[in-house]
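Structure below; questions to follow.
Naming follows writing order (A, B, C, D and E), and every chain is counted from residue 1.
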């Protein structure tokens, strides 16, 4: 275990490097969650589409993602994506994470879409709105609102999962810790420092998620 | 963690074993056979050292990033893993005398115009994480990407990612032999590779240095180098 | 002057799996008439209404609106639905929109009415149902009776030829029933054609022009209210009227 | 992407290596979940103990684990454990994973213990049973039963998470894939093979969890 | 022969936060008497019973069992509880144990009665409550009335000196109330000392030896049932008896 003074010296001495890494961690997380929301919405819609074959496609995607470890997916997707088209590193890494997040987000949306009572759909249809219009104007806005708290949690999970992008050359927090750490033969100090960064980020996000939850439950009254 | 202490002060995890670590993902220095048994130049050097010490050799694979911390925290007695000596590292661990000399080389795709270190400026360079090659690369460019293993970095290069990889010339050569679509360019510098021993074990350091000297003298090191590289990389180049 | 036939149903049949819910329904609704559908629970009233609005698919039979046959397989069903409005037992207002946005939603997005005009018409409708002060309020802030009146305004905003009501007051607290019924009476007086499923017999007697009594998926008896209530022909109708509180 | 024939050749040709790795994956998972159950139970009991300071200790542990990525924990714990006492590799890796699983399992137990109605405790106390005896004989057996389905899910998560033990020298499925793969300059084939192994394991476990859930819901009637 | 005093309560006070729930309660229960506690909802009956069993902590006052003061701070509360059994409104049987295991649980694990003996006694108790055929059944398979009878047997298995009942029949379907009340009557006839919170006035009148009437945390009136029901002294008692259906 490193001494406290050594820990703080490194913590503050290298803070610019860590802050850059933290920003990359946040960028990876935001992009992979935003893209994951698009992917997740797409597969959730397949699943609730009433067309069986589309539902199966969605099932297979979700099963593949939920049935394998993220680290395996990251390696396969990163190199798999590369062999199809050459995205810049950041986008390849984000897409790999997004495909992972997408499966979990698809499940979130499927749940909240199905939680909207059938009467809402029927009210829209009875007013002459097409299925697509009803979905877009009536169902999805409500499903999105209900999805906010679980999406917040998925964001926190995604933040932590982004650490595995270290293995595909992203200089995010964990990568910086192990790279600088093993370069200096002093991994423990660096690992403890990034752990502190993660703890702070997660604490802030948890507070935000709780605020959203509270606000929604008040405005639902 | 408490290790067992021999009469002469040498500390070992098991008193009759020499547990040494390598990554197993650094062909031909350390790699696994199809039954997952680890072998390679580093591993055979480690085994030879163990024999000279009169101990049972126990090779152990730890992913490259964790090797040094593994040695420091007592998960292995030593690392025979192609670690390059540098002064900063010496603050945290002890290095033996070098058991081979090597150097980083620039690797690119065959169609690349990039030839030497001057051309590296502003280019995207990949290297393996935690290796000194990443530092070397950083001297020439700000745009560095790191991977868990050299092979992964070279693989990414051959698939069209990054402009160059800096890695050990032997590793590059092996990858080219395996069919990677890359070529070697300038050899950058010379470096010394040593066995890593924890700092609190000076007696073991002394005994391993003695063993290495014996292996140099009786030609074992040279023989192993010939076997793996077709040349002797264990003597200091002039 | 003879009234036009607004809605004509011929030989309508509908099953849920093995359950034959509607059996050879024949029925017509004249222009600006109020037709009340009555019958005990499970007799198929809601299903019939939902077939008229194509929320359920009929198995066989014809539905004609203003003399034209409507076939959801070959025609644009949304166009047809613009002519037939529906008010539900549980209102089904859109909770994420204000009252006025609920009302202009379909005119603006389906009929492409300019927003300004839609807003003006919506305000007029709100005034009619007595809720002009609630325009910018969210549905969760309304009482049940207010919700149902907004739902009526929302359906009216599409200017339908026929308005269908499925037990519009049975989810309301007793003291709120009156305000919804009087809104419906006003609509009837304005000449709106309405088909109302209801258990409010006094409303049916007072407001409707025609009563249809259903049992076990069949139309048992129909006629003008005075005759129906005072002198029913069928024994099953008599039995039903005896067990019903007025 | 590897050709199908190459994939199957490797799949069956190296099956003994993969099966050994799969067994290690399962051993790691079972041990880390069993030890995690003990740890989780301990911290759940701290949390429901009515002694505030013990509850805080439990909160801190859970926050530390839930607030940092598993890969960071694994590195810190594995080396941290080593520097305190020298466990064999397998046990150090299992303990690191168990400390992670333990936090999630603690939350599971806390939830199911608190879901047992207060009347059960009062009935036990009114019969002269001590708090400890009531806990052991009345509350915990019921809480355990209710915890079975979420524990099953945690087992599936733990199985996938055990892939990160690759980084602390366990030759489980993912490690075998990357090690053999990079040595043969053929990572994709090996990664796809272990993905298939994971998919099969997760599918079997999911069926088992569903069976348990069904059985419990029937016997609850 | 004078009856012994089994339970004596002096000056008992209890508050929940600002809410003063029990105010200077004074009361005694004689050996083999049945005391019925009656009073309107919220008057503090359950709280009093729970204080007697130390499920709630009293704020001040004394509780004496067989003449000895009981103080949960200085004495082993579990030992005291062995003397006082409790039957709850909602039974609280242990759902993961069979009926017979529910009954022997406390004797075996608290009193260390040999399992064989405990089983024999439990069978005898089950026979008494008329459920000998349900020994190996899980509680979820029993009706409410059967559950409550098992709960009584479970409490009896500890051979308590006093048995407390908190509205033992009010969670039951009306047709199941009788079987529980008759089990309680038999217990009373066997000489069990019982304190019963109940709204079953006919049971109170018929079975009890003493009635205690509470209101707003105070004992308003107490006396033998004939006197209490036919000639109450306090106006508040009269009012309560008038509004209560017999």
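In this section, a residue touches a chain if its C-beta (ideal position, glycine included) is under 8 Å from a C-beta of that chain, and two chains touch if they have at least 3 such contacts.
The structure displayed is predicted, hence computed values, not measured ones.
Novice: Applying the touch definition from the top, give me the chains sitting in contact with each of subunit A and subunit E.
Specialist: Chains that touch both subunit A and subunit E, as defined above, are D.
Novice: Identify the chains adjacent to both subunit B and subunit D in the sense defined at the top.
Specialist: A
Novice: Which chain's C-alpha centroid is most distant from that of subunit A?
Specialist: Here the answer is chain E, farthest from subunit A.
Novice: Between subunit C and subunit E, what is the separation of their C-alpha centroids in Å?
Specialist: For subunit C versus subunit E, the centre distance works out to 58 Å.
Novice: Just the number, please: Cα centre separation of subunit B and subunit E in whole Å.
Specialist: Once rounded, the distance between the two centres reads 80 Å.
Novice: Can you give the whole-Å distance between the Cα centres of subunit C and subunit D?
Specialist: Those two chain centres are 57 Å apart.
Novice: Where the CA atoms of subunit B average out and where those of subunit C average out, how many Å apart are those spots?
Specialist: 82
Novice: Residues of subunit D that touch two or more other chains: which are they?
Specialist: In subunit D, 75, 79-80, 83, 166, 178, 187 touch at least two other chains.
Novice: Of all residues in subunit C, which are in touch with two or more distinct other chains?
Specialist: Correct list: empty.
Novice: Send over the residues of subunit B in touch with two or more other chains.
Specialist: As it turns out, subunit B has residues touching two or more other chains at 65-66, 69, 72, 148, 155.
Novice: Pull out all the chain pairs that touch, please.
Specialist: A-B, A-C, A-D, B-D, D-E
Novice: Note which residues of subunit B are touching subunit D in the complex, please.
Specialist: 1-3, 13, 24-25, 27, 31-32, 34-36, 60-63, 65-66, 69-70, 72-75, 148-149, 151-152, 155, 175, 178-180
Novice: Show me the residue ranges of subunit A that touch subunit B in the complex, using the header's touch definition.
Specialist: 79, 82-83, 86, 89, 166-169, 171, 175, 178-179, 181-188
Novice: Along subunit D, where are the residues that touch subunit E in the complex?
Specialist: Residues 117, 119-120, 122-130, 133, 137-138, 141-142, 145, 219-221 of subunit D touch subunit E in their complex.
Novice: So in the complex, the part of subunit A that touches subunit D is made up of which residues?
Specialist: 1, 63-64, 66-73, 75-76, 79-80, 83, 160-161, 163-164, 166, 174, 177-178, 187-188, 191-192, 194-195, 198-199, 202-203
Novice: Would you mind writing out the residues of subunit B in touch with subunit A in their complex?
Specialist: 64-69, 72, 88-89, 91-93, 126, 129-130, 132, 134-135, 145-148, 153, 155-156, 159-161
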